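Shared between the two complexes below is chain A, which has chain B as its partner in the first and chain C in the second.
So, the complex of A and B:
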């Protein structure tokens, strides 16, 4: 009787201890999540206040003139469009490359290692390599010289700091491609071979199998990663600062320039531009979340 | 076509176009890094020369004798290690708290952890720049560390949320029932059970800090010279050789980490 009571008390005690532990753990978790997200929230609120001229360098008290100046300036929209254009073209190149290579090299370990290697190269290092490769006195220019196509660096087309942003697009694509290839390999590993083999067994030609089975499967699988990668490139600074022209400037570079503008009254504009970049990326994240859910739903249906 | 695929699968016969493709991929993937190696090794590399001339003055490793490079490297390593440790701890505690939280709260908190991951570093940096100065950490190593921890902790919260939702906690509950304290359970059960995951998390956290330029420039105000900052200033000063040396120092550690992760993945059979 006594022993039974004691066991019961011990169980109760253990149960309470565990409940306490769980509660304790979740509250520590919330503190940690708050710590993780608070700086972003605080920074965004500060940017909002600074955009309205309430705080920061050159603050004037409640006044929307900064916002109007940024939104009304054609420089801003050219910058936004140019940023979307470079990130977009690079993403298209990376998607095509990732799909093609993942299909062809699906069973090659060396191919996989090579395709994903650029992931390990930091953006600034990739940017410098692009300068040394594509600049007017870069490696390609020397090859063109050796081939007799150009006679001096100035004769080589401007691929860096240029309006079409060739070097920036290529560097973006070079860094984005391995990320998408990695995802594409994973998609093919989980379902690709099986579905393709079934299609072939049912009499589909190799071309039809690729077009009707492998390609749609790959596209659905890598669509979320594609949107995430695109959003990342839209905010990318490291490659942009090394390779982009001064007109039009990418959104990230123009934001940094305003933030360190010697004219203090213009620094508030950096906050408006920063919020603009956050809004753009936020919108893409919403699209990303949707495509992720779609991919899950379709994957669940077809599995 | 089907025969070729079977041949490739068995790994014996490889079609010539397949070899050609692998070589082309190798050139595209490794070529830019090889160019950095050549540029860092060459004391001079005048215009029309395809390769650096052999007779150039100065040693191959001459660029690495620059003290600024090593102090920048030290600072970058310190920041990466500290960021990895702090962000891993924060990410683990946050992820663990979230896994067992009620659904609504969990989604809200996951969204909150998503913020620092998706906010472009430049936009984040502009927002916290003045706050860091007000807090007395602007232009200091500590300020830059805090700035690097923000996106790293976001990533690692999401990472641990994924890891821990598949993690069986019955062992821990058993240990607690048997009278182990929370701390003992953590050290004796949780830490060993997640061994490989800790390493991955630390590598991930270090990588977020390692290549970071935007946050370092904004919060460090140019006073905290990390390797990426040094690379940028060498490039702007037209010193391609030192910039290439900095780029190589930046590339080697992640490339090694990448190799280790690949080998680990192969060993566990996660990738063919």
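So, the complex of A and C:
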């Protein structure tokens, strides 16, 4: 193995001496792309093979029935819709929260530090906190009981294990918004104040400045982070397993359930579900890229 | 471009080589070790480390394994025990992946398994052995007990060695529910009279409850023994689901949602959202009360219809790097000393797999003294209501059918 590494290193050195600076930069990029994408590509290929029953526990040889079962099951699509719904609503709340906070706290260092606090809280801890605060026997329920508003746990609204997924959405949003807020702070710090001041100097009202300058600037800046945050929530497991109802099942939970199914022949379905989630998030990234290019094209034309 | 590709490939190959690791000798397997004199197995184990993949979710069990077993193994046999997380479904997936990657030498040497995991490991040929009968302490095993001698009706075939026994129990709060139901019929009447106060979890324990109900509905476990029978299963399932459908509107949250696992059940019970929780271990209640997780007035309860008892086992994977060490650990865990410690109510309260009648008199006396503990369910009622597990297929099917119908609220 060491010999192999040495040969590799020697070739690497020899190659490096031959190349000029420009080519060196592009080859470094090539290696970086390979290193970053190799695990994803390998994982996807393995999942594809498992989806067709070629590898993994309970594999049976070439067989598309796993894929057909997953695609043809209403349970899958209910799960997909419910997952998109919870991740989507949480992302909208997080975006609004991040934009509002970044504008309000533009000049408050302490405020900013506090706003990023949820980043440091592990997902499991956030999920347990949501249970302890929002459950029917949780903190708020006890406050309501002390105030005489409810008489037993069942009298408190169903916020956890509930079909609207309220506690789950709130926990999702709470964990996602500081990530977006950090990006928003950075956007405003680099260009926000300067552009806003210019607009005001040119006679725009505060409201118009926010609507026409700050908001588009912020949105353009945090849109990629929003896509990333949404994609992350689609696959989020810890909060989902702690707070979601038993039906519909979140995509991540149903995927794990299949991966550990007592019936070995169904474990391959977990790979189908994983590929499905990946396709959904990939599609979103593509749509986002298109809309950015379109926006650039429009911007170029008007300039 | 071609040069860049070549370079990238060289790097990739170097990376793969690094992953594969240095070439190592494949360890002697458990089956051939079982042919040797025990002394030479012990000699081979000295100075080695045993990686044990097990469920690590209970602090009482972890304390017993890390704080009591590990130091004694080190002292008596020079074996270092390294217990790490890894249970049922993940074990099977991990071993299949290791085999696909051509890893003749895996990571783990010992696994804590039973029931459907054993069935799956066997089906996929992932177990080493036979070796279990070779252990010197195997002579004390209560092999007359159907619960210990069979694992979900399967013959362990020397591929796994028994470690302990547990029995399903409902848990209630004697202060809240002074007269708890004692049978499934009484439970149905109780649920009718107390809407919103009963549920079960979506995992193994909840399905075990439904399976016990199935035993009662088909006229006893005998009807389900002798392998999986589709017609009997369908009959049993349909009457179980009819029972559930009739009562579900009076379950917690009207049966529209179920707690994810037993931990959630315990939390709901302790917070008075529900009046029953349950456990696959009849003694979990005394342990959880001592830890302050459950109210002090919590008690375990056996239904007269019978409650499922099963044994849990230790297996050695086909690619165990240290089969000799694993056998020494499994043998130590079977010793009267280790079994007694494990059975203590303030340690783990896990049932022994040993037959007291086979033990030397001094050990028999020590085991007999354990029963005097006030917190535990009396041994004679445990025995009277114990019912064995049936073919794992009943469990698989009940799991799949419950998930796809009752849980989703569809017919």
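Here, the second predicted complex is superposed on the first by the 242 of 303 C-alpha atoms of A that agree within 3 Å, B and C clash if a C-alpha of one lies under 4 Å from a C-alpha of the other, contacts with A are read in each partner's own complex, and residues count from 1 in each chain.
Assume a residue touches a chain if its C-beta (ideal position, glycine included) is under 8 Å from a C-beta of that chain, and two chains touch if they have at least 3 such contacts.
All values derive from a computational prediction rather than experimental measurement.
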- Looking at the overlay, does A:43 come into contact with chain B only (first), chain C only (second), both, or neither? first
- Query: Thinking of the overlay built on chain A, is A:77 touched by chain B (first), by chain C (second), by both, or by neither?
  - Reply: neither
- In the superposed arrangement, which partner chain does A:246 touch: chain B (first), chain C (second), both, or neither? second
- Message: Looking at A:56, would you say it contacts chain B, chain C, both, or neither? Reply first, second, both or neither.
- Response: both
- Task: Give one of first, second, both or neither to describe whether A:237 is in contact with chain B, with chain C, with both, or with none.
- Result: first
- On the superposed three-chain arrangement, identify whether chain B or chain C touches more chain A residues. B
- Query: Now for A:104: first (chain B), second (chain C), both, or neither, which partner does it touch?
  - Reply: first
- Query: Which partner does A:120 reach: the first (chain B), the second (chain C), both, or neither?
  - Reply: first
- Query: Looking at the overlay, does A:163 come into contact with chain B only (first), chain C only (second), both, or neither?
  - Reply: second
- Determine where on chain A the residues touched by chain B overlap those touched by chain C, and list them. 18, 26-27, 30-31, 34, 55-57, 131, 137, 153, 241-242, 259
- Across the complex, what residues on chain C touch chain A? 3-4, 6-8, 10-14, 17-18, 20-22, 88-90, 92-93, 96-97, 100, 116, 120, 123-124, 196, 202, 253, 256-260, 267-268, 271-273, 392, 395-396, 399-400, 403-404, 407-409
- Query: Tell me, which parts of chain A touch chain C in their complex?
  - Reply: 1, 4-5, 7-8, 11-12, 15, 18, 26-27, 30-31, 34, 38, 55-59, 75, 131, 135-137, 153-154, 158, 161-163, 241-242, 245-248, 257, 259-264, 266-267
- Task: Spell out the residues on chain B that touch chain A in their complex, using ranges where they run on.
- Result: 1-2, 5, 8-9, 11, 18, 21-22, 25-26, 28-33, 35-36, 39, 47-50, 90-91, 93-98, 100-101, 109, 112-116, 118-131, 146, 150, 153-154, 157, 173, 176-177, 182, 210-211, 213-214, 217-218, 228, 231-232, 235, 240, 243-244, 247-248, 250-251, 254-255, 257-258, 262, 266, 271-272
- Message: Can you tell me which positions in chain A touch chain B when the two form their complex?
- Response: 14, 17-18, 21-22, 24-37, 39-44, 46-47, 50, 55-57, 101, 104-105, 107-126, 128-133, 137, 139, 142-143, 145-146, 152-153, 174, 178, 185, 189, 200, 206, 231, 234-238, 241-242, 252, 255-256, 259, 270-271, 273-275, 277-278, 281-282, 285
